[in-house]
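See structure below.
Going in written order, the chains are labelled A, B, C, D, E and F, and every chain counts its residues from 1.
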Amino acid sequence: MSSPAPDPSRADAVLTHFDAQGQAHMVDVGAKAATHRRAVATGCIRMRPATLELVESGTAKKGDVLGVARIAGIMAAKRTSELIPLCHPLALTRVAIEFDLQRIAGDGVVQCSATVETLGQTGVEMEALTAVQVALLTVYDMCKAADKHMVMTDVRVREKRGGKSGDWSA
Amino acid sequence: MSSPAPDPSRADAVLTHFDAQGQAHMVDVGAKAATHRRAVATGCIRMRPATLELVESGTAKKGDVLGVARIAGIMAAKRTSELIPLCHPLALTRVAIEFDLQRIAGDGVVQCSATVETLGQTGVEMEALTAVQVALLTVYDMCKAADKHMVMTDVRVREKRGGKSGDWSA
Amino acid sequence: MSSPAPDPSRADAVLTHFDAQGQAHMVDVGAKAATHRRAVATGCIRMRPATLELVESGTAKKGDVLGVARIAGIMAAKRTSELIPLCHPLALTRVAIEFDLQRIAGDGVVQCSATVETLGQTGVEMEALTAVQVALLTVYDMCKAADKHMVMTDVRVREKRGGKSGDWSA
Amino acid sequence: MSSPAPDPSRADAVLTHFDAQGQAHMVDVGAKAATHRRAVATGCIRMRPATLELVESGTAKKGDVLGVARIAGIMAAKRTSELIPLCHPLALTRVAIEFDLQRIAGDGVVQCSATVETLGQTGVEMEALTAVQVALLTVYDMCKAADKHMVMTDVRVREKRGGKSGDWSA
Amino acid sequence: MSSPAPDPSRADAVLTHFDAQGQAHMVDVGAKAATHRRAVATGCIRMRPATLELVESGTAKKGDVLGVARIAGIMAAKRTSELIPLCHPLALTRVAIEFDLQRIAGDGVVQCSATVETLGQTGVEMEALTAVQVALLTVYDMCKAADKHMVMTDVRVREKRGGKSGDWSA
Amino acid sequence: MSSPAPDPSRADAVLTHFDAQGQAHMVDVGAKAATHRRAVATGCIRMRPATLELVESGTAKKGDVLGVARIAGIMAAKRTSELIPLCHPLALTRVAIEFDLQRIAGDGVVQCSATVETLGQTGVEMEALTAVQVALLTVYDMCKAADKHMVMTDVRVREKRGGKSGDWSA
């Protein structure tokens, strides 16, 4: 993980999902401004090259694995606050998912990227990550009869815009 | 990925989630026997060592990140068929999630393992994988104020028992 | 269908739920103003006259088919964005459902009308249509033991107000 | 509606979703055998011919309206008992949705057919009808920017197999 | 609370929802027989006598508070395993809810009773309790503009049949 | 119930969830201002003293009943509008749940308090009540193997701030 230098000065104050007694709560965001927010997350699923060929051929003519996975990811983004206990519900204004097929070091790789936007009081990185995870799970489900050794990996936030903590990309 | 030798003979027949016209469907499992089935999936989230310390201290006294993530993973397993479009609904008979904290190559690592069982007509590997993914997403959510560069990785099926395709572990 | 003159000039640009590559996405509405929006949808279910009598008698004294269907329709309106993959989540400010019982050409007919309002960035015609469809399905469910040949029909949007595309009624 | 001869002898006893006091309840099916059951429902959405052309072209290359609608219908079938108040939850063993494009009397028509199966104690006609309704709603949603006068119509059960009431088709 | 004599011999072994390490899990019921199970739960909501009169009048002619609450309770029973983290999903075979209006010690009281049945591997007392709680909450919601001091109280299991622990009633 | 003096002048106008014809509807709140709103609800579950000891010991070291119940209550608050038919969906900005363990008149008592806030057009007392009810149900579920005579009781709104009806506490 190409992590930046540690930031211990922030670390001791930052499990914000717990109150002073250490109990979990849904953090108060009532005083935060409703601004335009955007997050991009990525991740991938590694498979045998022969499995990737199945995915590729489906995209072109029939058996559209990625089309189904895209819908699953978009729908999951909308349900993030039902799945992640302390996430705030947000009215998403945009969800888009892209796939890219690659061959890396002898493996087939489906790379997934999700972009989510809202006009709200908290960021949408959890929604983007959830979209990626469920899209990858759906690829797994549809290909598992052909390849039971697929691995989902490298799921992370790539970019975040809007909100008090400032813009950044990784 | 320690993949076994390719198996092209199966590949051309195996996108079972599509019919002969290439259209997605929820596969007919009505003729399959309802047997005891079990799957184990694992995955991990990598973070800065300082972030791992926050998770560790929470487990011991307050700010129980892993306790919250465990509940999120168990609840998500029960909703797998709502998230994955072509998954069959299943009445799960057991869900258990374990975490293990490690330090690997300078990173902090939370390893998650989910075991799911049912008495049903299809396997439960998707439920186990979904439990792992949502548990990891919940760890991410609770630690993201401290560390925005965490990566979820190596999510895979480790063991599957019951059903026609036979038992295996990886 | 009393359709207006065709409008081919719009047709080639209008499958807005797909991006330039033809991939489905949840359209960006972040730049649209949050205005008061309203939609009315209608539809009906046709049944044998004897079945309609059962519905009528229930309304008056017991076996309140329409009361149950009204609640089902209202609840479904709130879940529209979970059901329709590319619908935006919206905080509805009003949902009302009315029924009217008629006899047309020897059939019994339950006419359903749903009015939905919001203060939001997209229209609510999908919510109104979903409310009508689920209300009609609920009537079907409650009467099916008496009449298995009922038909749900003529479900359409009747009126739309607010938003950039202007007000209209049909 | 090509209804069979009325059947008044059944009518007085048949609003089974209400008890003797006229109160709604979820009927006791505990004593019914868990048998293989199957239902087929159909319905259609009428639109301008130019809109149908958009749907057709999408199927062939990009903008796959019917692919998205198929997934929405399959997922909705699994959630029928959440939407229809007195429906029993059922573990579906199969869901398949087919579309057929036609031109009838100057209109474009997308015909939808849903087949649902289970091994359970009650029939699955509500699941098949719900799949059709949500698939049609999704077509409406994706085409509404091009054509706001589409009408969903003729939604009915075509075939039912299994269970005490015997097999039939219409 | 008319509690029986304490039973310390069971107490040390009985938080079955935790494993030997004290971690929450969804208990393994795979080895339990699928038998017919039934539970009855009751509870009530106390209100001003004038508020009870509003509820009573609605039942007779219009403003059917209890009709809406009954539907809400039945639908909630079906979603119990989504709400209660360690509950097993169960295919309910029957849900029925009854209300009784009383005047006790100067208060108006709506008494609610829910009966739930299944053919399954675990009991249904949580489903019966959830049905009562949500039915009472719905009464509260519908009457709160008239009376903001209502209290929901005395929610408990009254009867349980089927399963290894034997039949009992309280 | 320490109810205030009756208020018959309001009573005849106040079942606002029904229209002039007595039909249930989701009330129009489109003209209400989106203001900061807050509600506090409380309730408790009574149990044998030995059962309370199990809960207490779990809090300290393992078997964290209250930690699981807290998460369940927070998640349920977010789903209130799915459970209560005529509730408006609201984007909650804060949810916090506290527990207090007491011994009263020979019983063990777990007292639960939920605070919910939003920036919206309607109050959040239903969300606070739902959080309390589901948190108590979860305590019941986790302790029921030890004590089947627990009773959930005294669930009420304690405080409401924001909105036209003014602030109050009870």
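By our rule, contacts are C-beta pairs under 8 Å (C-beta built on N, C-alpha and C of every residue); 3 or more make two chains touch, one makes a residue touch a chain.
For each chain, UniProt lists the protein as follows: A, B, C, D, E, F = Cyclic pyranopterin monophosphate synthase.
None of the values given here were measured: they were computed from a predicted structure.
Participant: Starting at subunit B, how many touch steps does it take at minimum to reach subunit C?
Facilitator: Each step joins two touching chains, and the minimum needed here is 2.
Participant: In the chain contact graph, what is the shortest path length, in steps, from subunit A to subunit C?
Facilitator: The fewest steps needed to get from subunit A to subunit C is 1.
Participant: Which pair, C-D or B-E, has more C-beta contacts?
Facilitator: C-D
Participant: Compute the rotation angle for the C-alpha superposition of subunit A onto subunit E, expressed as a multiple of 5 degrees.
Facilitator: So the angle, rounded to a multiple of 5, is 180 degrees.
Participant: If you average the CA atoms of subunit B and of subunit D, how far apart do the two points sit, in angstrom?
Facilitator: About 33 Å separates the centre of subunit B from that of subunit D.
Participant: Could you please state the distance in Å, as a whole number, between where the Cα atoms of subunit A are centred and where those of subunit B are centred?
Facilitator: Centre separation, subunit A to subunit B: 15 Å.
Participant: Where does subunit C touch two or more other chains at once, residue-wise?
Facilitator: In subunit C, the residues touching two or more other chains are 23-24, 64, 67-68, 71-72, 75, 79, 85-86, 91.
Participant: How do the chains pair up in terms of touching? List each pair.
Facilitator: Per the contact definition above, the touching pairs are A-B, A-C, A-D, A-F, B-D, B-E, B-F, C-D, C-E, C-F, D-E, E-F.
Participant: Which residues of subunit B touch subunit A in their complex?
Facilitator: 1-4, 6-8, 10-11, 14-18, 21-24, 43, 46-51, 53-54, 58, 61-65, 68, 71-72, 75-76, 79, 83-87, 107, 125-126, 129-130, 133-134, 137-138, 140-146, 148-157, 160, 168, 170
Participant: Please name which positions on subunit E make contact with subunit B in the complex.
Facilitator: These residues of subunit E touch subunit B: 19, 23-30, 81-82, 85-86, 88-91, 120-121.
Participant: Subunit D touches which residues of subunit A in the complex?
Facilitator: Residues 64, 67-68, 71-72, 75 of subunit A touch subunit D in their complex.
Participant: Can you tell me which positions in subunit B touch subunit E when the two form their complex?
Facilitator: Touching subunit E: residues 36, 67, 70-71, 74-75, 77-79, 91-98, 117-119 of subunit B.
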